[in-house]
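Each structure below appears as structure tokens.
In what follows, chain A forms one complex with chain B and a second complex with chain C.
The block that comes next holds the complex of A and B.
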């Protein structure tokens, strides 16, 4: 028990370091471009943390997180523009709607496993994309989409600073919740399910319910990320939520780690930052992404970040 | 009534394409138990490759089709030999991810090599347009339907009449026993990828004159192929053809009577519903799941 608590403490110290890191970067980054890259990384990291919980800990693959991301973005925009709800409360709406929807479809969809689950979640992402492009009265379709979201300039700070900190705070809260969940009974239940559903249910875990809750949490996290994405851009359309988004979120987890939430944050940062640093990379982006994904799955199936971290610590021990 | 018949026919023609995609998916699944998420990219590659050879390079159409099929088959074999073979010990999830990664890479390579423009290819010609009252079948449609029939007969002959096909079947059903009989399961898997990819390339090339070739076509075509294969019962070749026709017809009817914008979603909703309520497929019998 003691070791579990100390690992939790270590994780919360890391969380503190994350906050310090964001603050330092916020001051140090002078270019607006780098600051928006950082903001996007923080936003996507929230969704990736949720997916790690579902995929890394519960062992349930989802290639449909883009649907919940988009659902969050649209519900927040709807809450603000049609219902007159303030943006901060809109974030709660963006967590609750996808979370609830995720919980509803989790039970039937999570009876599937492996290949079929991957197919079904991918189909979910595709259905969402089609609906988002076609249901123009609510989503605005592809043209014009959602426009005219308010600028968040609280406390005399500029929009981008506010969104950066809002994303940072959301990421810290979501990660803290994830860490607490993993450390407790729920997290152990998830890991038991990943190992064997039969064994888990024999030891008193309500498998269907636990999986559904994990799915709902991942959906809610994706929803929060989607809402922040919408707030940040202030205008977006359905093309942002195509099947590629779901695959990109999946890649963040793979690039990071399947067994810790820190990997998700690392992965989101890597996926968002690297393409911006390599100039003229845009036309070859898909090819490089694909080959990177293949290489990682062949050489480091537990996640690139985790494998690198293990290499470093092993070398340190050897010395 | 005529518009219903017309919708039915165009649905069947699209369904033939989905059936070929589903067949490729089924062949690979049967040979290696891999659900190949890159299967749709083979169709994309066939179409875009044909457009590149015929429209951009100006080569004759028949050569373009052969080249498109050959290149796609080569990509399929490469994918199996270079990537999947070296990760065979990995679990289902890693393999799914590997095929997704390969699919992304193929799409990216397609965009790099053939460009990101939407290209129209001239139709194959030879057959006149068939007119029956107010209902017509375009000449390319005859090509598509005849090709599916020919492909179906060829595959049936391959898998049930030739030693090569029987060896492939054996390797998928009982890899160890097959290996003891001198069948190399990896070669069987590579052959399956070659057939599936070549078939995808052919289907993509056939589709290119009807709906333009574009490097992003693969995602939806692949998903519809999956929908067809799953609807017909995973691993069942006849089911794949029937599933493809069902998906095509339902899609065309919903485009005609509900809304053309939502037609792409219909196949995916069918896929979801079949997975949830009849995972053995519409044609499959009841399977017993053992713990």
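The block that comes next holds the complex of A and C.
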């Protein structure tokens, strides 16, 4: 128990370092372009942390997180524009609506496992995209989509600074919640389910319910990320939420780590920064993604971030 | 002795196949009931049906006078009817103590801590390894842990599926000692499925021989040990001492 608490303490120190890191980058990055890349990384990291809970800890694959990301973006926009709710409260709406739908969908969909579950969630992402493009009375379809979201210029700071910090704060809170969940009873239940659903139910874990709650949490995290994404751009349309988004979120977890939430943050940063480095090769982007995914699966099945971290600590011990 | 588990006319199976055909049995507190039988007789299916992993097709089943039919596996486990499935499935990626913590899932922290003490007293080896990953222990230690994980919740009835599978004879002896201890000192009712029929019948108060989804023979452990048909089928043929005893 002592070890569990000390690892929790270590994780909260890391959270503090994350805050310091964001602050330093906020000051150090002078180009608007890099600052927006950082903001997007923080936003996507929130969704990736949620997916790590579901995939890394409970062992349930989802290639459908883009649907909840989009649902969050639309819910928040609807709350602000049609209901006159302030943007900060809109974030709560963006967590609750996808979380609720996630829970409803989870009960039937999580009866599947492995490849079947992956395909069902992929279908979810595809269906969401079609609905988002066609239901133009609510979503605005592809043209014009949602426009005219308010600029967040609180405390005399510019919009991009406010969104960057809002995303940073949301990421820290979401990560802290995830860490607390993992450290407790719920996290142990998830890991038990990953090992064997039969044995988990024999020890008294309500498998169906626990999986559905994990799915709902991952959906809520994706929803918060989606809302922040909408706030940041102030205008978006359905094309942002195509199946590619779900695959990118999945890649963030795989590139990062399947066994710690820190990997998700690393993965989100890597996936956001990498395309910018490959600027000139836009046509080959998917090819590079595919190759990277295959290479990571073969050479670092626990995630690239985790494998790199292990290499570094091993070297330090060797020295 | 109080009556714990009781089923009458129990029928269950997979898909279109009916495996369990009209089974009746009662298990009381403080007794060991052994189920022996060849592979495919339906022993594990029976345990899975009792613990709610498989649905009951027809018949009555109750635990401590509560109807189990249609009840979820997790809820049945919390009633104090614990199933230790085949193949010592510990949570390999969790520490020993976290495995035990999961055994107390649904109980309070204080109940967990109170349950931990007697278990660590019984198995000092687990104390040394409390922070070790369960998957890195030996087979025997993992089986002990799997049983302790069920034991920590203070069950009234324990169902053990092949606890001696693939273990060295010395370890098997230790496990059978533990099973007797649970009956004698803790008053737990035990439903024991075993391939090692001779050892199981020796410690059993009552036993059933299962074949093709039915109970072929029932009796006390000693009766079945001496039964020539049982000896023929499970105990290595008609060895002279057994034949003489009959």
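Just so we're on the same page, the second predicted complex is superposed on the first by the 316 of 319 C-alpha atoms of A that agree within 3 Å, B and C clash if a C-alpha of one lies under 4 Å from a C-alpha of the other, contacts with A are read in each partner's own complex, and residues count from 1 in each chain.
The working rule: a residue touches a chain if its C-beta (ideal position, glycine included) is under 8 Å from a C-beta of that chain, and two chains touch if they have at least 3 such contacts.
Predicted model, so just to flag it, every value in this text is computed and none were measured.
A.B. asks: With the two complexes superposed on chain A, say which partner A:206 touches: chain B (first), chain C (second), both, or neither.
C.D. replies: second
A.B. asks: Once chain A of both complexes is superposed, is A:120 in touch with chain B (first), chain C (second), both, or neither?
C.D. replies: first
A.B. asks: A:298 in the overlay: touching chain B, chain C, both, or neither? Say first, second, both or neither.
C.D. replies: first
A.B. asks: Just checking: does A:108 make contact with chain B only, chain C only, both, or neither of them? Give me first, second, both or neither.
C.D. replies: Only chain B is touched by A:108; chain C is not.
A.B. asks: State whether A:191 touches chain B only (first), chain C only (second), both chains, or neither.
C.D. replies: Only chain C is touched by A:191; chain B is not.
A.B. asks: Counting only touches as set out at the top, which of chain B and chain C does A:29 meet: first, second, both, neither?
C.D. replies: Neither: A:29 stays clear of chain B and chain C.
A.B. asks: Should A:176 be classified as contacting the first partner (chain B), the second (chain C), both, or neither?
C.D. replies: neither
A.B. asks: More residues of chain A are touched by which chain, chain B or chain C?
C.D. replies: In the superposed model, B touches more residues of chain A.
A.B. asks: Identify the residues of chain A that lie in both the chain B contact region and the chain C contact region.
C.D. replies: 198
A.B. asks: Contact residues on chain B for chain A in the complex?
C.D. replies: 35, 37, 83, 86-87, 90, 92-94, 96-98, 100-109, 111-112, 219-220, 223, 226-227, 230, 259, 261-262, 264-265, 268-269, 271-272, 275-276, 279, 291
A.B. asks: Residues of chain A touching chain B in their complex?
C.D. replies: Residues 59, 61, 63, 108-109, 111-112, 114-116, 118-120, 122-124, 126-127, 130-131, 133-134, 198, 243-244, 247, 250, 254, 283-294, 296-298, 301 of chain A touch chain B in their complex.
A.B. asks: Along chain A, where are the residues that touch chain C in the complex?
C.D. replies: Touch residues, chain A against chain C: 1, 3, 185, 188-189, 191-192, 194-196, 198-207.
A.B. asks: Can you tell me which positions in chain C touch chain A when the two form their complex?
C.D. replies: Per the touch definition, chain C meets chain A at residues 51-53, 72-75, 77-78, 82-85, 89, 91-94, 97-98, 101-103, 105-106, 131, 149-150, 153.
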